[in-house]
Every structure is written in C-alpha cells, then in structure tokens.
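Labels run A, B and C following the written order; every chain starts at residue 1.
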Amino acid sequence: MSEEFPESEDRPDPTDDGLAIDTRVIPDEAGAPLAIELGVTDLDVAAEPVALSQWQLFVRRFKRHKLAIGSLVTLILIFVLCFVIAPIFLTAPQDQRSNLTLGSTGPSWQHPFGTDELGRDMWARILYGGQISLRIGVGVAVVSTLLGTFFGAIAGLYGKAVDQVIMRATDLVLILPAIAVLAVALQRFGQKPNNIVFVLAGLFWMQIARVVRGLTLSLKEKEFVEGARAAGASNFRIIVRHILPNCIGPIMVNLTLSIAVAIITESTLSFLGYGVVPPDVSWGYLLYTARTKYNHDVHLVLFPGLAILVTVLAVNALGDGLRDALDPHAKH
Amino acid sequence: MLTLVLRRFLISIPLLLIATFLVFWMVRSTQAFDPTARLAQSRDPSVVQNERERLGLDDPIPVQYGRWLKDAVTGDLGESQTKHEEVTSMLQRSFWNTLQLILWGALFSAVVAMIIGVYSAVKQYSIGDYVFTSLTYIGIAMPPFVFGLLAIAYLAVWPKQTWGLDKPPLEFVGLHTTGQSGLNWDYIKHLVLPVLTLTVQIVASWTRYQRAATLDVLSSDYVRTARAKGVPRRKVIIKHAVRNSLIPLVTVMAVDIGLLFGGLLITEQIFSIPGMGRLFLNALQTGDAPVILGYILVAGVFVVLFNLIADVMYGVLDPRVRLS
Amino acid sequence: MAFGSKRDGNLAVEVLPERATWGGPLLEVRDLSVRFPTEDGLVNAVDHLNFDLRANEVLGIVGESGSGKSVTSLAILGLLPKTAQITGEILFCGQNLLDMTERQLQDLRGRRMAMIFQDSLAALNPVYTVGTQIAEAITVHQEIEKADLNDRVAELLNIVGIPNPKERAGQYPHEYSGGMRQRAMIAMSIANDPDVLIADEPTTALDVTIQAQVLDTLERVESRTSSSVILITHDLGVVAGVTQRIMVMYAGRTAEIGTVNEVFYEPCHPYTQGLLASLPRIDRRTSDRLHRIVGQPPSLIHVPPGCAFHPRCPMAEVPGVCNTDEPPLIEVGTTHWSACHFADRLLAEAKDRQYGQ
C-alpha cells in the first residue's frame, strides 16, 4: 500500500486561514441575497469581484453537472412518452382486446416489451401505467411539500409549544411501519389514485416538515435576519423577503427526491395488491400480476421493473444535481 | 446522558399510543375488517347483533381502543378472527423467522457498508470507487421487490434451467428445505436471496453514508494533527477516520431499522417466509383485525427499542454526549 | 533526552544530522512556490518565498488571510494536498524535504518537526482522551513502557502548566478550556523534543488574557527545549513580545524580513508601515480615525503585475516601476530585507523619524 495519504477533493480551501468572512451570501441594499463570485473584467487590471445573482450562479453550476442534465432529459422523455405519445398512438389498457391465442410473448418488433398472458401489448400497458405512477409520484411530492412546508415553517418560526406539538407529530412517521400502515389506510380510504395521493402525502409531509423546520430555525439565527429586524423590518417582511427565498432551494431538492420515494412506495403497495387496482394500471400493479412469472415470462417482470428503476434513478440524479448546484459545499 | 435517553424513551410511549390509536380507528372504521362480516350471511339479524355486543363494537372507538390496549399491555392481543388462535401465540411463532431476517440483514448491511464505504473514501475516484458509487445509485433506486423478483428469475431459475440442475443454486422458498433445520449450508442457500432483497436499498444507503462520513473525517483537523505527529497512514485511517465516522453512521443505522420492517413485508411475501410480515399480509387479506393491530403494535415497540439501543450506542461512541 | 527512532534503515534518518552536529540554519526555504489548480484558475498561494530559520530562535511570520503563511507551514511538513504544485527547496538540516518520500516525512513529523494548529478543539480527536493523544505522539516514534509512557505524558502536561496532570490526561478535549487545550497541543508537539516547532495562529481563537498565558507557555517551552519556533499570526502585538525576527508576507511573497526592532521601528515596506499604523494605540488622540490600508487583499489567481501591493500602496508609482517590475528583496541592513523598490528611501525616512525628531 502506498504511503500517500487519501484526500478528498471536497477539501476546504487550503489557502483559507479560517479568518476570511463568508462572502457567499450578502444581502444587497434592498435586502435580497446576493452572491459574490470572483470574475475578471479586464485582464490588465487586478480582478474585480463581479456580482452574480444566486439564480445565475445556480444555473451555471447546474449546467456543469452532466449527470443531472442527462437525467432531466431522460425524465422529459419519459413524461412525453407516457402523457403525449401514448394517448395519441397507443390504445389504452382498458380498450385493448385480449388476444388469448397469442398469449404472452417476449420482446419483438411488433411488441417491444412483449405481451402479457392475455395477449395485450406491454409497451402500451407500461406507458399508460406510467401515467398513473408518475401522477401519483408527483402528486404526493407536491401535496406533502405544501403541507410539510407550511407546518415546518410554523414550527420553526413560532417555536416553543407550536414547535413541540408539530415535532411530536412528525415523530409518528418514525414509529410506525410505513407500508403496513399505508396498506391499512388505503383499505379505509379507498384505492383510487387520488386517494392514494392524499393518503401517502399524509405520511410524507412529516419528513418535509422536519427539514423545513430545521431550515427556518437556522435561518432565523442568521445575521441578516437580525440586521433586517434591527433596521425595523416587520415579521412578515422578514419571512417573505429573507427566509422564504433561502428556503426555496432545499425545498425544491426535497420535493424532487420525494418523487422518487413516492414512486417506490406506490409501486410497493400496488405490488402487494393494496395500491393501485384495476381498472387503473400502474407499474407496481403490473408487477403484482407478474409476481409468479419468474419461470417463463421474465419480460413481464423485467420491463415494468426497469421502468421504475430508470425513472427513480433519473429523479434521484436530478435531485442530487439540484442540491449540488444550490450549494456545492454542503455536506449531504 | 442517561436522563436524555430516558426522556426520549418516555416520549416514545405516548407517541406509540397515538399511532396505534390512529391505526385502530382506521381498522374499526373499515368495512373490510368488520369482525362480523362472516356472520352477515346468516339470515338472523340478532346473530350479528349479539356478536357486535359481545365484541363491544357499538361502543365509541376510544373506549374500544382502551379495552384493546389494556389487554395488550397484559400480553393479550385477542383472538384471530379467522384462525381461532391467540394472536399473541401466532406472533410468537412467526417472530423468530422475522428476527432471523432482521439480524442477518442488519449484520450484512453494516459489514458491507463499512468495508465498501471506507474503501471508496480512501481510494476516492479510483475505478473501484466509481463502480461502487454507481452500484449504490442503482441500489437506492431499486425497489426491493423488483430486485427480489429479478434475483429469483436470474440467479435461481435461469441457472437451474440453463444448466439443467435439479435444484436452483440459491433457494427462494422459505428458510429451510422441508425437513431440514439448523445452521447449515441449506440454510445459507435459503438466506442469500431474501437477505439481499431485504437489504439492497439499505446497503446502498449506508455505504454512501459511510463513504461521505469517512471523507468528511479524512479532511478534518484532527486527522491533520495525527498526520502532523507522524502517525502512519493505515493507523490514521483506522484509529481516527473510521472510528469517528462510526458516530453519524450509528444514528443512520438506527433510523433505517424502520426501513427494514417495511422491506420485511415484501421479502417474506416473495420468498414465502413464515414471519410476522406474512402474517400481517394474510390478515390484511382476510380482514383479521386483531392480527393487524397486533403486528403494528409489535413493530412499533421494536422500533422504539432499536432507537433506545442506538441512543445508548451513541453515548458509548461519543464522549461528548456521554458526559453532558 | 535520548531516544531512538523506530524506523531504522531509513535513508533520511541516517543521513539527517542531529541538531547539535548541524551548524547551519535548521530550515532553509529557497524559492518556494505553491500553486493550486482550482476551477476558477491557478491560485498562487506562495510565490518564490525565501527565508531561514536558525537554531534557537523564534521567527514570526505575519500577514493577512491569504498571504500564504499557513500554506508555507503545511508545505514544510508536507501536509499539502496532492493537487498542490510545489517548486523550490525546503532544506531541513541540509536535506530537501520536498525530495523525501511520505514514509521519510512521517518519520520526521512529530519527531524533528512539529506543528500546532489554530483551532485546538477541532485539531484534537473528540473521542480519545488528551492523554491518549499525547501518548500517541510518543509511541509513534519510540518504544516505551506503559508506566513510563504515563509518566512522560503527565510530565509534559506539567511542563505546559496544566494542573493535576494525571487526572487531566484521562479527560477529553471538550472538557478542557480553550487555553488549556492549546497548551495541551503544545505539550503534544514537544513530546519528542523536535528541532522545529511551527505554531499556526495558536492564539487567534483565544481571549486576550488567555493569549498571554499560551504565549508565555510557548516561550518557556522554547527556552527549555532549545527548539526553534515559527510563530504564524496576523496579530503584530503577538509577535512583538515573543519573537526575535519577523517576516511579513503579502500575497504569497515576502514583503519584509528583519529583527523585531528593525521591523517595528524602521519598517521599510509600505505594507508593514500600514500594518503598524493601523494598530490602535493608547497614545493617540481619540478623535483621530483609525488608520487603515485601503482596498482588499489581491486575488491570488490574478495577482497584480509588478509589485503585488501596488493597488493599495500610498506611495506607488503607477504607471511606473511599481506595476511592471516585481521588487526583489533589497538588503537595507545586514539582517534586514525589504521587497520594495523604494526600500532605501523608506529606510532613510524611518531613521529620520527615529533620530531626527
């Protein structure tokens, strides 16, 4: 083993003596956060700092992340396939006629993903199934983010009793076995996709609330809030102009990553038979019908499974890319 | 520290009560779980009515919950609606199988995650690191049931069919071949696929975390001090880097134990393992309310216990917490 | 104190003379340059640095953040990241440290050269006791009995003035106060009686009163062990009392180097003058505004051409020699150099002020 010491390329700047001011976020006169990055205006002269807005910085960093760009493209492709191409060119699962003489076949030119045991085209079933899976995934993420942000912000901003109550509520999600409880809840509330969105969101908001609460708590303590308050800004103004803009980034990242978790959760529930049920079709449901098919018709397992895997991978990569673009120095 | 741990433990108890109450309410208000459903076929309405009175189903839900809870605390979880067996004994029978999965799963995940995580951190940006990082990306994105089905298809069935074996190289039904028991080769062949399925997401997540924690520690000031003292590389990595990275890792592991419970349902279902998860799923199928509630309660208690252990471990590992 | 290195058969150990037999300067830094590639460009952290550290002396290195002082010390110990591009020579007792392998450097670190860092809480491992960490410094370089080891640890803690050393050795870093922790770090660094001790901003994070205690400890340690000390700081007040010679750094280069008296009373560089003038002084009128050096420290990626200080210099000739030619180190006295084109003029003015008043 060589004696060279392993080093992380994420090391802190070796030229930093630890005494420099954090110049990354400084409010301008209007109070909006500005970021200062060194740029060069004229090569003959010593470099002048060029102020880039946070949005410009964010876009610049995101563009460097090839994996995230690739994921974004992949996701757009998937969405287009499911929501645009499928309704126009393919027949919906409920309209497909069974072709029992055909039975289940493997991938072919006519049926890129094969057919199921009733002879129905899997390509169409997967794309239509994608509509439901994606709708539920995004729906859960959006609803739970709205709920979670609201409660988390209140907890962080108003503190004390309100904070305690909300925090205890979010601890519930850690105690209960999630899939089991969700399955029970869906039996109670029904298994239509809209119900699924709200039931899942009812569990997911808790995680987001914790994150937002942590965010607001730390932002509350930051100097620029103190400065604004000292300058006489009202609570409302502080929240809107100082705290919220700094929250949006992490909230967006969390929203993206929860889409992935939501898709996995829905498909797990559907696989057990307690999620999406006919006449609706989702990727998880397709796997439910294929759950004994590992002997012969593996394609019935493989393609819906890949659909889930690729989508979730892309969403995760996108979320990671967003997170790195927002703050490359953050420790995840 | 003891007071802190105790306080956290005591807070979990009312939380557990609230959680189980919510589930209880949902169960009682769901048609599918109505204990008198079977009797609805009988033409005599008084039979249903009598049963309802016997079970106290017309009392307000909090009262019913209180009754259930009182019995549960003394170890009586009621009787299964479909199997005429005490719920407690049903859970006890299946508990051992579930526990095996959990223990092997946790052990496997921890060992693999630590080894690969540290390796990846120490050899950052090497080919090995790149491969492992990609694998963790895939592992986190892979729903366990997809992995399980594909694993059976390609690691058990396909080899058997292609190579003409009379038994698949890795078994996928139950934990032992009928008639066998004990810690033997047959047992291991049965364990591989279920444990992999159960832990695929967890290993990936823990590996990533270990890698990040190790990298973090490697660039810390105290590691720099150790190097400045002349401590050789291997010792720095083990005595300082790995030791300190255990602290955040333990918390992550404790929280993810909850994930293990979720994965159990899938694993026991796919691999036909007679554990608590499968018991629960069957109960869900047949609308067997007492079993459903029993499972949720036991699972909740488990999570609370695991968190307690994690808190204690945290104190053992980090003197700053111990002495506060 | 006699000791044997565990790494026998090592080239550096055999060839490297002991302090007593080596007559020359302990450290000779020749034309040292350190550059870091970053995504914004190449950072010139240290640029053609030259200085010596002699036996039995305390050298102060003074400069702002980004002046390159810490990078220099890390370069000496070989603790810079792999991406650092280092050129020049760092001679330790005549041997170039930059030519040595990691293993050879490991043998020297903690034994012949030691370093203490600014943030003592972060620099000590929180999960091991202070005693364990001091013991590690010893056992890495010596074979020693457990009982003797404990005694030695207690002795070291005692030298730096920590009361109840046996008890304190069993405590964790967070149980110490800031000043005590810093002194424990000093104890750890002198465990093997090093020739060179580098103290990187040892007092910056401490209260003024504690600062004095730590500096005092440093002084005592230095006189007792006759090692040489490099004291790195941005605080002129700190160097005034403790050091014999001072090197002022700016933008990775030497601005001025000389004895304490020469630098303080006859500064020959506008930057040094600016630093001295901006010290709050009790004898000034309170209605006078605090003097400051205008402008910001320069970008190390795009270092100003010619003299790095010229954009902020009150007497710069621009356009002229100041923004075209990089000033060499001009000898203004046998022990006094300054990197300013007008060093001689400044010296004359300084002497006038000193004696002409």
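We take it that a residue touches a chain if its C-beta (ideal position, glycine included) is under 8 Å from a C-beta of that chain, and two chains touch if they have at least 3 such contacts.
Just so it is clear, the structure is predicted and the values come from calculations on it, not from any experiment.
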As a test of understanding: of all chains, whose mean C-alpha position lies farthest from that of chain C? B
Chain centre (avg CA) closest to assembly CA average -> A
For chain A paired with chain B, centre-to-centre distance based on mean C-alpha positions, whole Å: 24
How many angstrom between the C-alpha centroids of chain C and chain B? 54
Whole-Å separation of chain centres (CA-atom averages), chain A against chain C: 49
Residues within chain A bordering two or more other chains: 3-5, 7, 9, 11
Chain C, residues touching no fewer than two other chains: 102-103, 106, 119
Where chain B touches two or more other chains simultaneously, the residues are 227, 232-233
The residues of chain C that touch chain B in their complex are 77, 79, 102-103, 106-111, 114-115, 117, 119, 122-127, 136-137, 140-141, 172, 174-175, 185, 188
Chain C contact footprint on chain B (complex, rising order): 220-222, 224-233, 235, 239-240, 243-244, 247, 317-320, 323
Per the touch rule, the chain A residues reaching chain B in their complex are 1, 3-12, 168, 171-172, 174-181, 183-185, 187-188, 260, 264, 267-268, 271-272, 274, 287, 290-291, 294-295, 298, 301-302, 305, 308-309, 312-313, 316-317, 331-332
Chain B contacts chain A in the complex at 11-12, 15-16, 18-19, 22-23, 26-27, 29-30, 32-33, 121-125, 137-138, 140-146, 149-150, 152-154, 156-158, 212, 215-216, 218-219, 227, 232-234, 236-237, 255, 258, 261-262, 265-266, 269-270, 280-281, 284, 292, 295-296, 299-300, 303-304, 307
